[in-house]
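You will see chain A twice below: alongside chain B first, and alongside chain C after that.
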Partner chain A sequence: MPILEVENLSVTFRQYASGLKERNIRAISNLSVTLEQGEVLAVVGASGSGKSLLAHAILGILPANAETAGSIKYCGETLTAKRTQSLRGREIALVPQSVGYLDPLMRVGNQVRTAVRNGKPAEEQRKVFKRYKLKSVVEKLFPFELSGGMARRVLLSTAMVSGAKVIIADEPTPGLDPEALNEALLNLRELGDQGCAVMLITHDIDSALRIADKIAVFYAGTTVEIAPAKDFTGDGEHLRHPYSKALWGALPQNGFTPIPGSQPHSAALPPGCLFASRCEKATKECHQAQPDLRELRNGKVRCIHAT
Partner chain B sequence: MARAKNLGRFLLWRSIRAFTLLAGISIISFLLVKNSPIDPIQAYIGADMLNVGPEQREKIAQHWGLDDPVFKQYVNWASSLLGGDLGTSMIYREPVAEVIKEKFSHSIVLMLTAWVLSGVIGFTMGVVAAMNKDTAIDRIIKWYCYTLASTPAFWMGLLMVMVFAVWLGWFPVGLGVPAGILSDDVTFIDKVKHLVLPAITLSIVGVANIALHTRQKMIDVLASDYILFARARGERGFILFWRHGLRNVALPAISLQFAAFSELFGGAVLTEQVFSYPGLGQATVEAGLRGDVPLLLGLVLFSALFVFTGNLIADLIYYVVDPRTREGRTYES
Partner chain C sequence: MQLDAKNIGFRYGKSPWLFKGINFSMQPGEVVGLKGPSGTGKTTLCRILAGYEKPLEGKVTLGGKALPEIGYHPVQMVFQHPEKAVNPRWKMGKTLKEGGRPDDDLLARLGIQQEWLERLPNELSGGELQRFCVARALGPGTRFLIADEMTTMLDAITQAQIWHAVLHLAEKRKMGILVVSHDAKLMNRLCDRVIEL
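Entry: the complex of A and B
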């Protein structure tokens, strides 16, 4: 049984466009993804494809004007707002993007201690700092005094001390030098190997491939493909969805080939396949209804033409 | 070490700035008074003016150097100022420094009470409004603050006198102590009773500013990434506010409150006038109306120094308390 199961999740924001006219922005539509214990799942996609919102939806920390539909299950149990509240920071932990997510006026050691759920806070915090090779002086520092690599390890520490079984890492790698990047990735892989379920949200496919078991490709707020990491090889001939192939082909080492057009805006989504307007294979049916996510060759794809 | 040195440099620069500020203000206010229709001789002699002939006037003017060029008069005044001599008040017949000291001792009680009250109440209101943004309680607080912000202090004072002193009779109408009682017989309770209405008036008007600023700052803090992350760790409600909200919003609020010394002083002038409270504000109005030039100039300098001190403390708090503005430390990982 998957530890975390997201089924047909939709997130809609109500906004006042001009005057009192409301408009709905559908940031995530019909998104489905599952996470197994001991697995590292990478969620990749361009900016604005709804990756971070998925993390916030799982943790139940979306802004007040967001409406969700669909279901999120933890160990088979459907999450209610109340249940999510009791799980976050205990069973499900977030590793945020940057040092900006730490309280600027609180010493980092104390911030890690507030995340401890079992055991003595100070002891647990020192243990985890030692494990991540953070000197004891670091616990007395303020966030602005940390280097990028140190901040990375402090943020990871907050998730570690919580003892959570599901770790959601939201863009944890930008701005790191190759050495720190390598270390950050290894730390996440290590968590997976210890039995945690890790969701790595990133737009850096190369990094994701180094540690992930599965890759979920996001486009305009939905999953277009879920594929084993090993399918991302060669010219992308093993990939299922045209967008995944285009994304793979756009990497510098794979030809650096861009495709025309851009992701549709979430306030004006087309009725049919979200990728149809940029797709070479698009036919009339593609523009009529959004295809369902279907099983294909040990993965999943949301495309009627995929083989 | 480096930090103490930096702090020393900071204070040195501020002292220089204070000195130039006072020098500038003394020149401007001296010129203003010189060009105003105030006749210092008439102010000095008062009602006995009819008994003083033109020759005697001439002699006084000569004795005081009133016919000298303005610049020379200023230098005379400024040099005795530097020697610590502010001159003698014409209406109180006492050294200006003494008058200010005595009046300030009354005003400081009033201002301090109002300052603390408005700070605490305003801060609480701002936090409550922000934590309950867009609810009825937020709207009520906002409405209340906008109303207060557009209410003149003297009008509020008159209202307080009407309601609590005249109609309800709970507090005395005015003055700092009961009339017709020997100063030795004045009790502490008497003093407090006379302080309540002016202090409340002054603080009610000061509440709006700090409440609205705190509300906005708190809303920013609540929308920040670190609050989001704290919520992701399971924190909420009061714990969330106590751990992350308070420390991030208190610093700007305290600084703002110190920087509001000028409004406090301005408010005190009007409030003291309404309540006939014998403080600096009333002395300022008296000095202005009765042409007591030395006292007026002394008060101008003193109030400038008072406001400057407030601003200095505000800056100093940021400098000393906020770790981000302290000497940056770097450690290799």
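Entry: the complex of A and C
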């Protein structure tokens, strides 16, 4: 049984534009993804494709004007608002993308200590700081006194001392130097090997490939592909979805060639395939209905022409 | 007009010197990389170049002259964490105007959608927000752009789009760029040379 199961999740924001006109922003639609125990699942994809919102939906911290549909199950049990609240920080921990989640008025050592669930808070905090090469003076600093990479390492530390079974790490590595990056990746993989489940949301596909078992690719609020990590290789010939191939080809070490255009706007999603406006392979059928996520070569893809 | 840093030294309060005797120059149109371990002072040096912080020793000059203390600063910086670089209570349209009148072609090249101008920062994703910070920094008066981990929050396609747009503009305007990044492969793609702090 998967430890976390997201089924057909949709997240919509209701916005009142000028006058009384109401608009719906569909940030996530029909998104399904599962996380198994002992597994590191990387989530990559377009900026603005709903990765952080998925994390926030799992943690039950979406803003009040967000409406959700679909289900999120933890150990087979549907998550209600109340249940999520009791799991947050204990069983499910978040490494937030924004460093704004650090309390500006509290010394960072204390912030990490309040997250400790097993063992002596001060001891655990020092252990994890040492691991992340944060000098002992750092525990006394306030967030504004940290460098970018230090702030990231503090955010990571907070989740690492929580003892949670599911770690949702939302962009935990941007701005880390190679040494700190290495330590963070090792740590996340270890958690997986110890039986936790890790969702690593990242734009750093190279790093993801070093530790992930599976990779989910997001575009315009939905999963377009789920692939074993080993399929990300060569010219992307093993990848299933045209967007995944384009993403792979745009990496600096690959072509650094971007495809033109941008994601469809979440207030005006097309009826057909969400990638159709940028897809070289698009045919008339593609514009008719959103393709379903289907099994293909030991993975999944949301494209009618994928082989 | 070349940008010069001469004998720069800086420390925060009474803590030990972060760096001393930093010397380097950048030519117009040149793309230079800056790397170094976390906490060595890369962002601090960037802030000094962009005039957010005064060096305790040494000076920064543009075309041999001290940088202006009022008016538009010709050395513009894009920060590592966009959420800390914008006013949370301003709609994005207002934030954008801080850099002068934004040019529509640039907004399109950066993938900024018109409707986003009506939103507050917390209603945008991290990567969407960063595009505004890039646009704001590219006003017509910008001679040098300091890009501190400018695209680490973006997907590879958007990253490549934005860099192509920025490099295009840099060439057209003979604007110099300092790229701070831990991504060696990106540096390889972009930089004429790389210096280490």
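What we mean here is this: the second predicted complex is superposed on the first by the 279 of 307 C-alpha atoms of A that agree within 3 Å, B and C clash if a C-alpha of one lies under 4 Å from a C-alpha of the other, contacts with A are read in each partner's own complex, and residues count from 1 in each chain.
In the analysis below, a residue touches a chain if its C-beta (ideal position, glycine included) is under 8 Å from a C-beta of that chain, and two chains touch if they have at least 3 such contacts.
Note that the coordinates shown come from a computational prediction; the quantities given were computed from them, not determined experimentally.
Asker: Have a look at where A:I259 lands relative to chain B and chain C in the superposition and call it first, second, both or neither.
Answerer: In the superposition, A:I259 contacts chain C only.
Asker: In the overlay, answer first, second, both or neither for which of chain B and chain C A:G100 touches.
Answerer: In the superposed model, A:G100 contacts both chain B and chain C.
Asker: For A:G149, decide between first (touching chain B), second (touching chain C), both and neither.
Answerer: both
Asker: Quick check for you: in the superposed arrangement, does A:A250 touch first (chain B), second (chain C), both or neither?
Answerer: Once the two structures are laid over each other on A, A:A250 reaches chain C alone.
Asker: Can you tell me whether chain B or chain C touches more residues on chain A?
Answerer: For chain A, the partner with the higher number of touched residues is C.
Asker: For chain A, which residues belong to both interfaces, chain B and chain C?
Answerer: 98, 100, 145, 147, 149-150
Asker: Where on chain A is chain B touching in the complex?
Answerer: Of all residues in chain A, those touching chain B are 56, 59, 61, 85-86, 88-90, 93-94, 96, 98, 100-106, 114-115, 133-135, 137-138, 141-142, 144-145, 147, 149-150, 158, 162.
Asker: How about chain A: which of its residues touch chain C in the complex?
Answerer: For this pair, the touching residues of chain A are 13, 17, 44-49, 52, 63, 97-100, 145, 147-151, 153, 171, 174-181, 203-206, 246-248, 250-253, 256-259, 262, 265, 267.
Asker: In the complex of these two chains, what residues of chain B are touching chain A?
Answerer: These residues of chain B touch chain A: 225-226, 228-236, 243-244, 247-248, 251, 322-324, 328-331, 333.
Asker: Using the touch definition from the top, list the residues of chain C that touch chain A in their complex.
Answerer: 12, 36-39, 42-43, 80-81, 83-84, 111, 113, 115, 118, 122-128, 148-149, 152-161, 163-164, 182-183, 185-186, 188-189
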